[in-house]
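So, here come the structures, one by one.
Below, chain A partners chain B and then partners chain C, in two separate complexes.
Moving on, here comes the complex of A and B:
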């Protein structure tokens, strides 16, 4: 009995080899899964952060001179890509309007309309409030240049037109305040 | 007395100054976007395809770009509005004479390497291309070694074909096999009737 028990506790050479090969195959897989499963595959870091913002010249809705990157220089800017069909955009809209009103001239908020009709946007802004220009982006050229994956996505530009931060998804008060601090604003 | 290194050193100093000047000016030239792609990837390096070839070429290049709003689809294959818009821009860039590398670089600047469906051969990406080949080579080596070992141990495998009383080498496993045969076939001690004759 004691001999049998000792044998049972001692893995045979074959079993040990199977175990080692199995571990060699499975351990890296488990490690990769463990490191990446908690990550949102769509939250890919933007290569633009820390670099000069891509240039653009877009017509504001309702007419007027095109808004360009150069025209935003001199103070921080918040570039919010959004659409009326996007529920998180609807949720963050009041916060952006409030922030734009309370910060006034210290920062320029700009909305860039993503795959939406001007008519829809006009109705939305009439109902939900409007505090800053919304720009029309034909062919999504600006959205592509800014590497937009979906809406809402928001870029924070410093006074020199450099991208200081990108926020993917709806902003809340805390994340908006944190990102505004990155461009030198104390909200 | 001037050492012979003088002119060389002066040239090096000038080169260094030039590097600093270029570095200082680089950020100012960097911004670009929908307004002017040449500010990102330089002036067009290729030749615009003929009108007949343009559509086919557009499909080729768009096939190398990942549609950012899709799951694993190329810009050429996706019906999403974003993909259609990107494809339109690819066509425009081709018509303006930008070559494939420039167009891929243009989109990569905005979306990162993610936008390339084929990871370019650089840095850690070499692993992606070389690891399968390495695994194949290792497998071939392992098979060759196993065959060689078998050949060295005798002309052919010495073990007879498995019969009803064949047992695994592992003594622990062998005991289980015997037990299973005993339970399944009612053989005493797991030995087949033929063996006890």
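Moving on, here comes the complex of A and C:
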């Protein structure tokens, strides 16, 4: 048996230098990546949080008096910007309907339709359930005033009409409960 | 129904890859012929299942089958079929499915190509490939399920990202990028096999080099296509911004380029085996890091997809791959014994080492600049960006040094040389440097780095052309015609060397064009009313008017800008703003008029059809087109070098 073959059968020694250099490069990199995992660079803060909500007067679908900011005062309100073409909106809709039904008049839920046709919305609500008014926003004026970036985005207003919180993306039960607590509700 | 079938295919891929990885590993340990056959069958089954799953998704996208979650998410009845087709890779889940297709294709082809070669290495290699395949199948079966069922079925979907609908280059860039990125799995498996067996023989370097060079070629083209796309679509007039995700594609390119060079030295001299293998492993790890960067939402960029459980899953895979690589290297690198040595003298061999040093330095520079902002943010809670100044300051000297090295290295002979030989090798190309610098000074180049780059470019160009000419001259001396000699060289046994120098020629042009275009441009911003004029460089621009167009999936506001130069009418350019259905922000498309030496680049900053006003960004970008052309040359050279030389045809 040749020398090389004999050596190949030996368990090879651990090259500590390679191991140390490898760890020195790899460990900090992995640590930094882990630390940043929870971060969302797309998180869109809103300068509006903590301030009075922008005023609006929007006609509800199916007719009736325009809903204004003033008409919402006196109890907390949830302003949900949404559209039928948005899949996350579709996903969060049942949660919002359930919350609106169970909380009754302790809070006013309002949907603001974002770039969609009334006909589509009517069909969607007939199929998916409806528990609160959906407002028509011609020319996306309210959406622009609230700085909507994409749908769904949801604003939580306290009883004085101040914006207490904003949620970007679909709501889940936990984040809805947390945000409602910020406007003084224990769901 | 479609969704359930898709999920079954993904599960089949997961099953085939997992079993194949286990059987492959066992076969490598036990050396059984039956095990090897079975391993190969699992590899082919994995490839077939991934192919079928992708075909099914394409079908669902074209049929607008909104019962499949991915189609509900990115599909739309309003978009043309080609947009529906490219939606396959436009969004997170689909892009991972497409990843599956590419890895399936690579594993299938690489297994088949080596079915009766390198028996001691191949079972390990296929096992590693299939283990990677199993991870991506797992990702598709769980966190990134593109085939979830949607009920009730929505009537329509929102359509893909408008940036993807804006330009045909976007159809080409992602597939090339995946072919480059995912393809690095193959050399990773081969290098792992070399470490596992504790051998890297001369015969195994050829497949290692070939399977590294193939994805390297795709990656090179993909990086430049991405730059070209940014240039033609994003409208800020540049092609590279040191965006974290651009860096993510550049990092493995740097290490792969280094590995291709160190492999030459390993092949010729039998040295640097462990180093070559390390670079190959690092290349794969950097592709996974890049994938994590784009898929986790940790970095913000044009490319980043939204957050999901996919990010953490990829991070786990990255950590596993890192641990695997470091452990394997620490345990086995000492077994890869050198068969020779490099003399510490000024020689081509030694400059290969300098080349590797520079590439690795470049890699660490870019990696640090990309990751450093994350560290600052995690520890101090401040958002910061290292930004262009850091990268430019570091990349310019490194790029220029590599340019010179590309001339000095090939000019030198292998091994020890006499002073007279050194002089004979290194002095004549100074003529090329002088000519290039002279021309540059004449046309008004004053920026010192640009002058240095052009002088080094001239030096390297002369060496490269000489190396390309030598085999032709030798054939001519034997009485062959030039065309015949060229064909014989490009197809003959010297094809790898010839192709490599064609790649070098392309690289010289790319680096010089980058230096010139980034320092010699002119720009003008103007606010114009209809009928008003502005000037940029030698061009006079007249704002002629605004057109409004209605297209199937978008509305467009188009500015008509008349272009003339020295009183000669050059026609009308039409930069535009596109408003896509169901997308809030308009997307601009610049208009570019290319000529041999410069581009006139017009981009709409703002446009108001009611008042007839236009905010126009006008740029004159010299030599940008040369980057695209020279990349094609690099790809061509690479292909020439890739075509296998049959052993029997060697003279």
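Following the convention adopted for this analysis, the second predicted complex is superposed on the first by the 145 of 187 C-alpha atoms of A that agree within 3 Å, B and C clash if a C-alpha of one lies under 4 Å from a C-alpha of the other, contacts with A are read in each partner's own complex, and residues count from 1 in each chain.
Just so it is clear, a residue touches a chain if its C-beta (ideal position, glycine included) is under 8 Å from a C-beta of that chain, and two chains touch if they have at least 3 such contacts.
Being a predicted model, the structure only gives us computed values, none of them experimental.
Undergrad: Taking the superposition as given, does A:106 touch the first partner, chain B, the second, chain C, both, or neither?
TA: Once the two structures are laid over each other on A, A:106 reaches no partner at all.
Undergrad: For A:55, is the partner it touches chain B (first), chain C (second), both, or none of the two (neither)?
TA: Only chain B; A:55 stays clear of chain C.
Undergrad: In the superposed arrangement, which partner chain does A:161 touch: chain B (first), chain C (second), both, or neither?
TA: A:161: touches chain B, not chain C.
Undergrad: Which holds for A:115: it touches chain B only (first), chain C only (second), both, or neither?
TA: A:115: touches chain B and chain C.
Undergrad: Taking the superposition on A as described, I'd like to know which of chain B and chain C A:127 touches: first, second, both or neither.
TA: second
Undergrad: Is A:146 contacted by the first partner chain B, the second partner chain C, both or neither?
TA: A:146 sits against chain B, while chain C stays out of touch.
Undergrad: Per the definitions at the top, what is the overlap between the chain A residues touching chain B and those touching chain C?
TA: 7-8, 12, 14-15, 115, 148-150
Undergrad: Within their complex, state which residues of chain A touch chain B.
TA: 7-8, 12, 14-15, 44-48, 51-57, 69, 115, 139-150, 161
Undergrad: Would you mind writing out the residues of chain A in touch with chain C in their complex?
TA: Of all residues in chain A, those touching chain C are 4, 7-8, 12-16, 18-19, 22-23, 26, 29-30, 32-37, 39-42, 85-87, 90, 115, 127, 148-150.
Undergrad: Applying the document's contact rule, which stretches of chain C touch chain A when the two form their complex?
TA: Contact set of chain C toward chain A: 72-73, 152, 154, 156-158, 198-199, 274, 289, 292, 296-300, 304, 306-307, 311-312, 315, 318-319, 322, 325-327, 329-335, 337, 367, 371, 374-375, 377-378, 582, 584.
Undergrad: Quick check on the complex: what are the chain B residues that touch chain A?
TA: Residues 27, 30-36, 39-40, 68-69, 81-82, 85-86, 88-89, 107-112, 114, 169-173.
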